[in-house]
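Labels run A, B, C, D and E following the written order; every chain starts at residue 1.
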Amino acid sequence: MEELLKVEQLKKHFVTSRGIVQAVSEATFSITAGETLGLVGESGSGKSTVAYMVMGLYQPTDGNIRFKDKNIGKYHQKRPLELKKELQIVFQDPGSSLNPRRSVGKILELPLKIHRIDSQFNLRKRILDLLDMVGLPKEYETKYPSSLGGGEKQMVAIARALSTDPSLIVLDEPTSALDVSIQAKIINTLIRIQKERNLGYLFITHDLSLMRNIAHRVAIMYLGRIVEQALTKDFFETPLHPYTQMLLASIPVVSEEEEKIKPERITSVGEIPSPVNIPPGCVFHPRCPKKMDICSQEEPTMVEYKPGHFVRCYLY
Amino acid sequence: MNGVLEETLTTIDDKRDDHRTRAGRWWYQFSKNPLSVVGLAIVIFVVCSAIFAPWIAPYPEHAGPYVNYGEANQSPSTNHLFGTDVFGRDILSRVFFAFRSALLMGIVVLAIVVPIGVTLGLIAGYFKNTWIDTVVMRITDIFLSVPPLILALAITSVLEPNLTNAMIAVSVMWWPWYTRLVYGMATSIRNEYFVQSAELLGASKFHILFREILPNCLSTILTKMTLDMGWVILIGASLSFVGLGEQPPKPSLGTMVSDGARYLPEYWWMAVFPGLAIMLIVLGFNLLGDGIGDLFSMEES
Amino acid sequence: MNFSRYLIRRLGYSIFVLIGLSILVFMIARLVPGDPARAALGPRASEEAVEQLRSRLHLDQPIYVQYFYWLKSLFQGDLGESLFTRRPVIEDIKEFLPATLELAIFAGILMAFFGILFGVISARYSNTWVDNLIRVFAYLGIATPAFVVAIILLLIFGMYFEVFPTIGRLSAWIDAPPKITGLLTIDSLLTGNFAAFFDALKHLLLPAISLSLGGLFQEARITRSSMIENSKKDYTYSMRAYGVPERVVISKYLFKPSIIPTISILGLDFASLMGNAFLVELLFNWPGLSRYGINVMLRKDVEAIVAVIMVLGVVFTVVNIIVDIIVAYLDPRIRLVEKGE
Amino acid sequence: DSQKIVRFTEAWPTYIDPAVAADFSSSVSVVNLYDTLVFPTYEGEVVPHLAESWEISEDALNYIFHLRKGVKFHDGTELTAQDVVFSINRLLTIGQGYSYIFEPVIDKVEALDDYTVSFTLQEPFGPFLYALVRLYILNEDLVLSRIEDTGEYGDLGDYGKRWLLTHDAGSGPYMVEEMRVEEYLHANQFPDYWKEVDPDAPLEFRFIGTTETATVRTLIRRRELEISDFRQPAEFYQNVAKEEGVKIAKMFGGSTLYCMMHTQKPPTDDIHFRKALAYAVDYDAIANQIFPGARQSKGPVSSILPGHKSDIFQYKRDLDKALGELKQSKYYDQLDEYPIDLIWCAEVPDEEKVALLLQANAAEIGIKVNVVKTPWMKIIEEVATPDSTSHLYLIFVSPHYAEAGSMIQSKYHSSSCGTWEQTEWLEDAELDRMIEQAIATVNKEERFAQYYAIQDYIVDLCPSLFLIDQPENYAYQDYYIDWVAAERAEQGERVNPVMGYNHYMLDVKVYPEKRDELLKK
Amino acid sequence: MKEVLLDIKDLQVHFRVYGGFLKVLNGTNMRVYSGEKVGLVGETGCGKTTTMKAVMRILPKPHGITPEGKIIFKNKNVLSLKTQEIERLRRNEISMIFQDPTAALNPVFTIGEQLLDVFRYSKKNDGLKGKTLKQMAVDSLRAVALPDPERILASYPIQLSGGMRQRVCIALALANQKQLLIADEPGTSLDVTIQDQILRLIHRLAEERNMAVILISHSLGVIREWTERVYVMYAGSMVEEATTPKLFSQPLHPYTQALMECVPRLTGMKTNEGIPGRIPDYFFPPTGCRFHPRCPKKMAICQEEKPPFYQIDDNHQVACYLYKGES
């Protein structure tokens, strides 16, 4: 399959007055067309930073980002227009992803105009098509964001992302601000569109149960590092990293079957440390129930536990 | 800027879907607060009396170089509601005409200041943490480091004292307030996701500044403009109070107050009525501005 | 500690602003049409004399060189000579500044104290007649220019009832206290001269009220709205919910965060107060820097104008620093969080 | 603290250094702080003062004065001839204030001994004795001890200017107690004054630096002011006269209101144009309505001055004549292209009324006048060159010493061009010659005859509109002060024509008990 | 028979806004027995917090009004208590953990000042003074597993992480021996691992003190794991009530069922279309059953009248006309 995005040894440090924030220290992954890579992690673990680097909102401190075999690791303003067309993003907060002073029609029109997708006369039809694609009635064209609900806003944001006919969409927690009843619909739409258009998704979330339902592969981030990466099925069957296990164990679930999947109770302790003061050695060792001496001394490297299943832990 | 206007108009136009009800709701909410309605009434009154001064002033010729010492120093009466001044001129008529230069001052100053201040604020806010931000905002801070009235006085005094220069001086002092206001909004709006998506879609800087960010500042700007009409007029009156504004014999409220103050307490009406007139204008725009501000903040929530 | 770093940054920033202001003011001074040397010497002076003075004043040099010479003499305390009083401007400033400071400080205290007081009362009894009364007064107070207030006060209390003096800082028959700080109220207290103290206070009252009224009500409004806003915040409810008595919730947990915005705009209100002093000192014949300022402005006495503005710029900067320090002291969010985070 | 105080108001700035003082408020102060060789009387004569007697040489070029002995300066040292020499030298060196009177005439001044001083003139100067009332004697030692090194007078540093701004070095009846710039001048009676002083004369005076009408009004009502300034609008006097015990004194002190016309700038360079204006003005309205109690000027010289020509031609309002003159003017067809500016002094509010009246009068014959309010300092600045000078200025002028020559010279001699006293820019060689000759004439009758001729000549030239002789109106506390000048004015007698001398404090008496009486009511 | 601690009866809460009222609570009923852990679940904006604020009597004045209903706490109607009584109640009987720990802590006072005040006024009658109070504050922070309590007492809220703030809030809420703890979505704004810690902590403390707990959440998973009995709320009223296992095994109300369907499962591979529409506008709420516009099984009657609770069995009741016959 065609490899869309390839990210290697990505690193991003922010210089602030508090010190250097090591937001992302090591991220390596790839996404092929039609595939969803789920990026999971606690708040502050650097998920959004990765997404923003892919989009060009941040310039990587180090590492490579290749899109369709071209190096794109630069600031978005320096990226060619065609590239912007290929890559789209849906943000976390539906409330702020739409300009409250522009109607839905205008919002959807903007990308079409910038990328000259269609002639003036067809614009409106395109807009209606887009609305239809995300399941919104055509009256919405003239509505303003303030009269939409959170889910509907997010649908418009998705429609906007789709408008340029991209091949990869970054979804940064698109549903975490919404209720489950609304989330379901969005997830479904996303899956449907992916199938129709063979899109690649970089799907960011902190909700593992959701991941189970949408991602083909899962990558777990902790404190700026990807600590485990695997096919979804493998991942939930045999979570390897102690952190992954802790995460899974903490998830509240609604049924007995799920309860069974959860690893035997590893109680979660401690909080994720500040990315300014990264612990030495394995960054997880202060919270790790299985830590060994070496863990606090040297950082483990990624190992391939079995084909396609990578983990960063001395246990393996 | 034409584009922005068009944008705004179409924005309003697009909202026509429920135009009647919306306008109705606005009026309903606005009129909920009687003070806002009073403000609107005052503003309408002042504007009308300025426009129609030649027709409604009982003695329009008194607004010019007119003297009639026989009628001088008359206390308020039915002939002269506000009395007459030491030249025998009808104070009420002069107040009506003075509204003209007062409003003119407010309008001209805002017309100069708002585009400049807003544009600079947008640019500095959008380019936050770059040298552009630093340069613009530091200059703004310098202008804000002395009370505006004082610098305006100084500038007018070293130039010729007249209405034009007063307007220039006040404008020089006033734009930073808009820059700072818009800067604050722009810095937060530019972090909103909708601005970032426009960027990622490849929209031009112009589009982002004036079509994405600016429309979101408009309601605040409009509110401030309404309030500022009052404040600019007040500053103008202060300048003419010390003789640095509109020059006699053209009537101006500040000059009328300071001239009248010489004849206290006997001829109190000469200072008090023009003084109250200034208060009325400022009050009107204040009430109206607050009403509009409330309206917008209610619309947004 | 963080706080001292905050302070250092704040001070450094003020110095920057003052230097910027000096450039601005210098440029304004250069706006004056005509040749300053010729203006100083008068029409009958010879061309050589003018030329000489011009080179003594560095007027024959490029403008930025002039600026640096000017800045240098500024640092040496040489502010030039006033055409109006024919004295070194620095002398004039020393003479007039204390009167203005005394008036401004007194008015500032009135403004802050009563502003907060009215605001709290208004919020506490919001939507009752007390609140409505205060709000109506607030609108009127804010909208009435200080000079109109001054005239009305003069008319009523100075001329009609004759209960307050209307001119100067001290009655002629009262011995002025020796000059220590230059502020008559303080000097007279320090020397135990109570007659002078009360007399000075009486003189202060009307001009100070005229100056403070606008700002006072502005403060009241801000206090009111921030109290009402904060009273909707979870943290006031939480304190109630944990059984802290209403009285304490309001006077402590609601009051402190609510006056932070009030105090932070004190600086601004103080600015307009200082601006208005230019008009009010004239009306009350207050022998202060602002009246001097107007006089030199009306006479285009450039050196003096420049000096007055610079001095007021410094005063104003100091006030802003004080305000910022108080705010930072009250509000840990400012003190502890670094800028740009 | 004594209650025997006289307080009066006047406009600031005030310079009490005799080498700088020249305007009204400065003169008022200086006359009380310093002594002069001779003293001006109310009748317009001069009498011995510091000089007990003098001799004039035949050729009128040498004057010898014999000084009074035992006169003390305020610091207790004795006043000697050397101080006189110092004072005139200092005045001439500094070149400000009244120096212009002496500068062209004095050749040298010497102390012959401690009590004899000799003045040698360059050329005969008729009114020299009258001029001497402007030579105030300073204490040389004191001044020299107060010199600041940085100044423009070489070895003499600042020549004591800075110190003398707020201190005195005189021997006059009053000495500076405290001077607060822009606020007040407070002076106490000098206990060792050489002349006998009436026990009711004020022990102190305070000159308050404001003309703010409301303030002055209040101070009078509260009996905290004995004498007002004379710059108040007519309404003020009407109102304040209603207070119990307050009276208005009208003193014709020589102050004359001119509307000066620029004779080098079109269209006022045209004599017919000027005359048209002169015939258009409604003099009666100015004299009766704007300045009640004033009278229309008779020619260029105040009618109170010795040497004034009483039967001189007066322009009267006559619109036909005005139009007739205007038609003869070369600008008649193009009046619209020549709008003219009329400047009035921002510090004198009543001038605005005159300005507006002139504007209206001019409009009646089709001349468009712009009225411009300008602060005094700015007027001084703009009249310095003919180009920056506007067409018309409304300005009050007073004589510097009590003779028509003073006014003629300072107003119309070409040397005064560029000062506020002559914005006409009348650089007329013939007139200059006539004035110089008249001034040099020692014989009084002859001199006056020449003055008359000059006055006719000027009226004919019509460089200014001679509007009114203005009485200085003072509100004063008649009930508890006796003020010689005011009483004379009331009786219709002359007041002192030398500016400032009506405020000679020894000619005032105060009765504090009566003041208390008034306050109790 | 368990003792009834709190009984909310037909509670209505309206908010006065421009032009009328937001009729948020629409006859809410709820009962809590002493020592019991009750869950309250519902979507955002359905009125969970509002109900609890009404119980604490801290609805915003003067906008929030309670035109109808009773809140009986230990046989006293909270709504009609005098100020002093309600303050005593808050001090000694009921406590609440606020939804957003950041908003619930006053940003301009140190944790110590706030905690000490709570102790000072709640222990006033015991005559305790400075040192002891301080010690109690330190202890209370230890009790919520906060390391280095001394330092935390001297810190301002912004100096703490989200998890620490949440713990401080718990310490504040549990400053005194309370009988009922209302925990409004504790830890929801935090990460799952931290949320898990917080919920465990609350659970432990409740057990130790034998407190009744009302646990509010919009996450069905949390409710299932930490409560014994559940109320499901929709748009201002309860639609279903059951013991926890019962509700999860056999949800009856169409809303509960739909909600349950929407939850993504760890077992995966089950997706559905969600519930169409969204929470109604409280300004013009739907008549009858407020869920009817979104309900797949709505009937004519649903639009007309609000359904009462139908008792399905001992510990299961549901407000839906579908079950009219079964009670």
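Just so it is clear, contacts are C-beta pairs under 8 Å (C-beta built on N, C-alpha and C of every residue); 3 or more make two chains touch, one makes a residue touch a chain.
No experiment lies behind these values; they were computed from the predicted model shown.
Note on connectivity: the fewest steps through touching chains from subunit A to subunit E is 1. Interface comparison, A-B versus B-E: the higher number of contacting C-beta pairs is recorded for A-B. Greatest centre-to-centre distance from subunit A is found for D, with centres as Cα means. Annotation: 90 Å between the Cα-based centres of subunit A and subunit D. Work out the mean CA point of subunit A and of subunit C, and you get 54 Å between them.
Note on chain placement: the centre of subunit C and the centre of subunit E lie 52 Å apart, centres being C-alpha means.
Centroids of subunit C and subunit D (each the mean of its C-alpha atoms) stand 40 Å apart. For subunit D, the set of residues that touch two or more other chains comprises 212, 214, 217, 346, 375. Multi-chain contact residues of subunit B (touching two or more other chains): 243, 261, 264-265. Of all residues in subunit A, none touches 2 or more other chains. Within the complex formed with subunit A, the residues of subunit B that make contact are 11, 14-15, 17, 192-203, 207, 211-212, 215-216, 218, 300. Contact residues of subunit E toward subunit B in the complex are 18-19.
Residues 212-214, 217, 232-236, 239, 285, 289-290, 346, 349, 352-353, 356-357, 359-360, 363, 371-373, 375 of subunit D are the ones touching subunit B in the complex.
On subunit C, the positions that touch subunit B within their shared complex are 16-18, 20-21, 23-25, 28-29, 31-32, 139-140, 142-145, 147-148, 151-152, 154-155, 159-160, 271-272, 274-276, 278-279, 282-283, 293-294, 297-298, 300, 302, 305, 309, 312-313, 316-317, 340.
Across the complex, subunit C is touched by residues 35, 129, 138-139, 141-143, 145-151, 153-155, 157-159, 230, 234, 237-238, 241-244, 257-258, 261, 264-265, 268, 271-272, 275-276, 278-280, 282-283, 286-287 of subunit B.
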